[in-house]
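For reference, the structures are reproduced in the following blocks.
Heads up, the next two complexes both have subunit A, just with different partners, subunit B and then subunit C.
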Partner chain A sequence: MTTASITAKSPVAPRKPWKATKAELIPVVGALALAAFLDVVVVAVTPMKGKLAYALLFFIFAAGLQMALKWRNLGRRAAIDSLAGSVAIAGAAIAFTPVLSLLATTVIKGAKGLYPGFFIHDMSVANYQSPLNQGGVVQAIVGTLYLIVLATAISLPLSVLTALYLTEIRGKASGFIQFLVQAMSGIPSVVAGIFIYSALLLTTSLRGSTIMAALALAILMIPTVTRTAQEVLLLVPEDLREAGLALGATQWKTVATIVVPAARNGLITAVILGVARIAGETAPLLFTLGVSNKINWNPFSGGQSALPYYVWSGLGDGTELGIDRAWSGILVLLMLVLTLFVVARIFGTRKVKIK
Partner chain B sequence: MMSTENSPQTNSLAGVAAARVREPGSAPLGSGLEARGVHAWFGSHLALENVSLDFAAGTVTALIGPSGCGKSTFIRTLNRMHEFIPSAAMAGEVLLDGKDIYASGTDVTRIRLQIGMVFQKPNPFPSMTIGENVLAGLKLAQIKYDGNKDDLMEETLVRAGLWNEVKDRLGAHAGGLSGGQQQRLCIARSLAVNPKVLLMDEPCSALDPGSTLRIEDTISQLSKTMTIVIVTHNMQQAARVSDYTAFFLADGGPGQMIEVGPTNEMFSRPKDERTENYVSGRFG
Partner chain C sequence: MSYSSLLILAAIGGFLAFRGFGAFKENGLGFITHAEWSSLVGDNGKEISSFGLGAMITGTLIISSIALVIGVPLSVLTALYLTFYAPERLRRLLVTVVDLMASFPSILYGIWGFIVLSPMATYWAKLIFKYLGWIPFLSVPTPAFDRSPFLAGIVLSIMIIPIVTSVSREIFAQTPLERIQAAYALGATRWGMIRAVALPFGASGVVGGAMLGLGRALGETVAVYSVLNIVFKINWHVLYGYGGNIASMIVQKFGEASFTEKKALLAAGFVLFVMTLLVNMVANTVVSRAVKSGK
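Showing the complex of A and B:
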């Protein structure tokens, strides 16, 4: 007979029986230790040498031993499952090693040229061969911020409107515009620079300035933001649109008050990806930005500086001091972009109160 | 196991339930499942408190109760699907043939192979044909099937009550089927790996009455060979298909099981006043 037992409330502790217990972890950790030991022994006694040999052999031994352990406990299916997991971990490790290495190199080499004045002074008081405690990148920081803000201001409305045309209006030209967006994402960045140069600078009396470079960067940013915005708008469930329309809303009201807010976090990601696409671009700036070694607050006339341009010049200078300055410029660019992303996430994420 | 005496019926549902009495001597097949003191948490929120429930082999048990009372959470602890939610935790035991499925060293994929599940929304695999969907379990669980796969496909589709409708288009994609047909396809898919227990989480909530009746027929047929647990909001359905009914309620606090008993008794003379109110439609 089935019986209900609604007994007195006894404080029962929540458990997670699906997590490995300490006793179950001992053989796993043991296998990893054995793999490390075998790794050292094999590298010592065979001609295989170097970090690569250590890493490769450790992976083979560790994956093999974990697999054997699973096979013994749960059989062949679990062993194959374990192998697939190990391969995924190895793939992630291989993909992340260069990224981490790049980041570490930038921090180590870039830190050499950093001093507080680097963020305050401009390059009118120094040149690339000056000692590292003279001059700075403040003009390039201002220039890069200007470029990011202007390029985003130009491309974001265009991109979101294009994405809305493709996902919401789905007009007759959708297929063609989709094709153009895809083709645009393949444009080499230098071509964007040459386009603005030949279309606007060669034929008119305009000279290189922040806005010209921002236009070139916007050409690169539009396809990235459009594609991403389109994907996130497609993720908004059709039910939500129908619910809005069924309340008597117009399509514009539905899109503006329901669809776009629902896709808000994804749209912020789209902007972040777009900024990431252009923040480090150098080639389009060469023809369009002009030159300045001082802060230029006017984005519409006069040359400007930018961090990627500063890095490029430092490398072009070729001296040891110039290259050190270039590394510091890269580090500052990384920090700047990271700060912008964090700020975008903090201000972009709607605060939802969780009870 | 079950009282077959005819009791004075207080409402029409009890009449429906009384009609579903197992023939004496019909050998119950499948395996028994027993929940002992099951608690379930999401983060620090206790969603389900101390449910002990014995599902005898070859019986159909309906879990009823208002939304948010922990029925679905409970059914998901029975085949270890609860743990897919990152913040989830639980306490208690779930015994399949007397062995705790949460015991350390258990192969959880084997457990889910023996305790099948049919979901609220029909979810046939979109990239597979109807036939491939039926046999998907064999492939996914890497089972070597010695018999004739075509026979197995036909047999399971017949058991799920879908064979006549799809026998001429087994190579078509499953997306072209109606909602009710898709759900029966999902039942056939669970049956092909021959589970001992079948859990059904509101399997008919998105279906029309005709499809619902067909699935109820299917459940009655299946109960001859396996243990079935079904979550339902439809009390007529609970009365029609189940041998036992358990009533769940979350009265402000965590979900609890208020009462369980033979279905006809639950609908005719429940012991708890809250059950009485619920089955008579006074709330919920």
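Showing the complex of A and C:
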């Protein structure tokens, strides 16, 4: 093959003139080291103390020294450019610090209460103040799975049909419907909860149950699924639709046998993103779910538990053990959300398949 | 089927307004302006109640503004960093992290804010009070800094960073390449290019993103409930240890509310629904216009 000679390793290293040479890097690294040194010295000498002082002073020194360096070599405009770069980096660093802290604390604090029984036992014999090797979240896991399945079953048909209307039929009302879907995505979760409460529970003999909570969650899920589904349907090549129509299929047949199967992976992503959106919702559950400390297999009557509700109760309990339990619950919930997130990514990055 | 969203929105507005109608009628305009919320059973067995959302509405606006003041600049800087500074690989990773942040459950932010952030925020509040206490709204009547609107505002600012960042980043990424190259060709530095090309181009998108963030901040329930000391008094001192938020007050009062009070809470829900709906509608219009003009 002729390509072999091209892919063979060239004895000449490729040149990258935009990359900083070692000579150019030395002052930069030196300035950072000097900034760190000054930082430690100033914190030690002056009454300023704490992580905040370290971070702030390091930023001032590092940015200042880089600026001075640029000013000397390249002039005022380069110095301002360097300052802007430092500020952007600092802003991004501050914005991303909470993520690290969130993940680290959840794992560290949550791991304390995890033991194999945590996934097998329910809370019918233990309470929030029991030692951490008693009781568990199995009822909450079952409840959350129930909620996910029911909310998906309710919202999926509505969402996909709305998305199909917006992308395939493109009727007169598309603009208006699009506007409504966007408006719906801004509904606060607590409003969804009290809506179901006021409509179905306040004046009737019905009590909170899985299906009620699933209805509230479905309201929150519809806009997410619709918008993602719409995006993936738009990715299906127009040629496919034209080909279907040219073969004499009706629009309905084209959509059902060509467009939807072609966008299958994307639609799965849409559902998973919708599920990730609702899996951790707490506020609607407070009005609609009822209470249960053991597994309730019947979704239509009787209270139910769910992972966010377990965390909420642990936090509300306020004791040290209760809060430890809440951390363990949130760790399980976070693992669920992360798994969904990764799965959605995997499906989402696959290209539209055409067989 | 596609009209289901209209149906749901109308049903939400309709039911909440219908159930809450009594509270609106009884308290009149005072339902929005008065700060008192009480429901007592009098000697004659009749319920004497007075419901006013004034403190909660101001509280919601205060903590949302704090969230915007802290969150939006950080988000814009992050978006600029991601679009114009970060190396390709790091950028892809961080964009994923931003999406991930958006999918964290709000109760996680709540418990983290309560356990981890709260002591830090109290310390920062003390520092701010020490050096900037002469500014009226940064003063406090007595040194009580725990569970303040300031803390709730920080938690909310972290929660709105993902949405504001991703909307801003999307807009910045659409900056026409030829304008960027023109700026560089004229000798602009990177910052010069950002100031002359990217920021003017992305400004409306950033505003829209900030408003979407505001919509999220207005309706946040669980995270605020976990960190804020909810008291029915208007509090302008942002560092001082009590405040209000409509959404979390509904959760707080609902458990032991009487039938009349529940109806008043549903009316409060209606107010919140209308507020967020308006903000989101304006925000979506701004964002979609910005995105269209970018194409």
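To be clear about the criterion, the second predicted complex is superposed on the first by the 236 of 355 C-alpha atoms of A that agree within 3 Å, B and C clash if a C-alpha of one lies under 4 Å from a C-alpha of the other, contacts with A are read in each partner's own complex, and residues count from 1 in each chain.
Basically, a contact is a pair of C-beta atoms (placed from the backbone, for glycine too) under 8 Å apart; a residue touches a chain by one contact, two chains touch by 3 or more.
A quick note: this is a predicted structure, and the numbers were derived from the prediction, not measured.
Using the contact criterion defined above for the overlaid structures, shared-chain residue A:177 touches subunit C, although it does not reach subunit B.
Shared-chain residue A:14: touches subunit B; no touch with subunit C.
Of the two partner chains, subunit C is the only one that A:187 touches; subunit B does not reach it. Within the superposed three-chain model, A:78 lies in touch with subunit B and with subunit C [touch as defined at top].
By the touch criterion defined above, A:89 reaches subunit C but does not reach subunit B. Comparing subunit B with subunit C, more residues of subunit A are touched by C. In the superposed model, A:24 lies in contact with subunit B only, and not with subunit C.
In the superposition on chain A, the residues of subunit A contacted by subunit B and by subunit C overlap at 77-78. Subunit B contributes residues 1, 37, 39, 41, 49-50, 52-56, 61, 80, 83, 88-92, 102-105, 107-109, 141-142, 244, 246, 256-261 to its touches with subunit A in the complex.
Within the complex formed with subunit C, the subunit A residues making contact are 50, 52, 77-78, 80-81, 83-85, 87-92, 94-96, 98-99, 101-102, 105-106, 109, 157-158, 161-162, 165-166, 171, 173, 177, 179-192, 194-195, 197-199, 202, 219, 222-223, 226, 273, 276-277, 279-283, 286-287, 308, 311-312, 315, 323, 326-327, 330, 333-334, 337-338, 340-341, 345.
Only residues 1-7, 9-10, 12-18, 21, 23-24, 73-75, 77-78 of subunit A touch subunit B when the two sit together in their complex. Across the complex, subunit C meets subunit A through its residues 1-6, 8-9, 11-12, 15-16, 19, 73-78, 80-82, 84-86, 94, 96-97, 99-101, 103-112, 114-116, 123-124, 127, 158, 161, 165, 189-192, 194, 212, 215-216, 218-222, 226, 247, 250-251, 254, 262, 265-266, 269, 272-273, 276-277, 279-281, 283-284.
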